[in-house]
Amino acid sequence: MISVQSAPFDLGDTANRFASAQSGAGAIVTFSGVVRGDGGLIALEIEHYDAMTLPAIEEMVSAARARFGLLDAWVIHRYGRLTVGEAIMMVATSAPHRKDAFAGAEFLMDYLKSRAPFWKKEHRADGTAWVAAKDSDEAALTHWD
Amino acid sequence: MISVQSAPFDLGDTANRFASAQSGAGAIVTFSGVVRGDGGLIALEIEHYDAMTLPAIEEMVSAARARFGLLDAWVIHRYGRLTVGEAIMMVATSAPHRKDAFAGAEFLMDYLKSRAPFWKKEHRADGTAWVAAKDSDEAALTHWD
Amino acid sequence: MITVVYFAWLRERIGLGREQIETQAKTVAQLVAELSALDSYHAAAFSDLRAVRVAVDQVLTDFDAPLANAKEVAFFPPMTGG
Amino acid sequence: MITVVYFAWLRERIGLGREQIETQAKTVAQLVAELSALDSYHAAAFSDLRAVRVAVDQVLTDFDAPLANAKEVAFFPPMTGG
């Protein structure tokens, strides 16, 4: 299940639906990213390239499933205006053993960060600024080469 | 929050309560371990050393929080008889950034596996057998030295 | 005729998110040269290509990529998902 | 007087989970030697110490550890939590 949506989602409800859908999984990992209020942040505005987002995420999920033998992997990613404390996205992975479930979730996060067509704009009392990609995020991808 | 209990727990409800309790977290990771039905397994019977379990887990959680700068970490671990598909345990971690939340959860899992005083007995139609510790689980700890 | 789309600060700097361009450009680089010549907004957006990424027909590629029968070319800064 | 506790297959092989022992043993190893001499069940349980782990007063340690004023010594196989 991959969903790109502006609506909020429920982490716990999604985690339970994911877990119920699994058979043979010994390990289930979830990751969720939350808007932090650093430096007086008021809101995050997320823009995405609609026609490219789903195919790009589908490719990452296929790669993660094949590479780590995942039984399943779900991705939810929001766009639009999000306020501090709101969940931006989540990933859920399942595998027979814990190492693969963890590695699959980390792989997906590293690729979503730098290869899924989303861009974040920070809104503060004194103005707005686009979030710059971090060198460390690009470097994280080399870990999987 | 650390809980050692025989009663089942709700993964999603716990994940939501954990997420709600955080402030300043940008990343939330959960791991849950589930009884797999490999080789005709009917049930898992988990024994633990009551007087040692809580102090041992508290020490791991303190170590993980200090080492990875976790904002918070929860552990739930069950004992008693569990059937196939039931959740055995879960870990939740939060941190400002994803790498630390992931590393904290993996660290806790590696230590819970080999240093928390639980022992698992497998029940099958043809008898019972104690689960042997894996060399790979002991080796995983050297990763954190 | 090719559709060119812009995201994030490229969209803001150029002042539009999408335009149709009549072009004979054979590569992304040639298309960028044509777009940069349109006006000062385009020129500013493409002034430092190290800060710009490109996708042809929704697939990430580089500036040497051929346009061939491409329908849509997208320009944007490095992605910040997750 | 010291309390000795057993878990998993050590508990099953010895046939009890807990016993009180009057001992002058100064180390875990000396205590193991005394326990092994009690009967064939204890002897069997401690026949291969590579498969046995020990905690003194709920802290994981090794067979060289002193007993000093220890109240409780636990013997068990390698843990299989998580």
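Order of writing sets the labels: A, B, C and D. Residues in every chain begin at 1.
We take it that contacts are C-beta pairs under 8 Å (C-beta built on N, C-alpha and C of every residue); 3 or more make two chains touch, one makes a residue touch a chain.
None of these values were measured; they are calculated from a predicted model.
Chemist: Starting at chain A, find the fewest moves between touching chains needed to arrive at chain D.
Modeler: The fewest touching-chain steps linking chain A to chain D number 2.
Chemist: Would you kindly tell me how far, in whole Å, the mean C-alpha position of chain C lies from that of chain B?
Modeler: It comes to 48 Å between the two C-alpha centres.
Chemist: Report, in whole Å, the distance between the mean C-alpha point of chain B and the mean C-alpha point of chain D.
Modeler: It comes to 26 Å between the two C-alpha centres.
Chemist: Report, in whole Å, the distance between the mean C-alpha point of chain A and the mean C-alpha point of chain B.
Modeler: Each chain's C-alpha centroid was found; their separation is 23 Å.
Chemist: At least two partner chains per residue is the criterion; list those residues in chain C.
Modeler: Only 82 qualify.
Chemist: Send over the residues of chain A in touch with two or more other chains.
Modeler: Within chain A, the residues that touch at least two other chains are 33, 98, 109.
Chemist: If we use the touch criterion from the header, which chain pairs count as touching?
Modeler: Going through each pair of chains, those in contact are A-B, A-C, B-D.
Chemist: Residue numbers of chain A touching chain B in their complex, please.
Modeler: Chain A reaches chain B through residues 10-16, 19, 22, 24-37, 87, 96, 98-99, 101-102, 105-106, 109, 140.
Chemist: If you look only at chain D, which of its residues touch chain B in the complex?
Modeler: 5, 7-9, 11, 55, 58-60, 72, 74, 76-82
Chemist: In the complex formed with chain D, which residues of chain B make contact?
Modeler: 33, 47, 49, 51-52, 55-56, 77, 88-89, 109, 112-121, 130-133, 138
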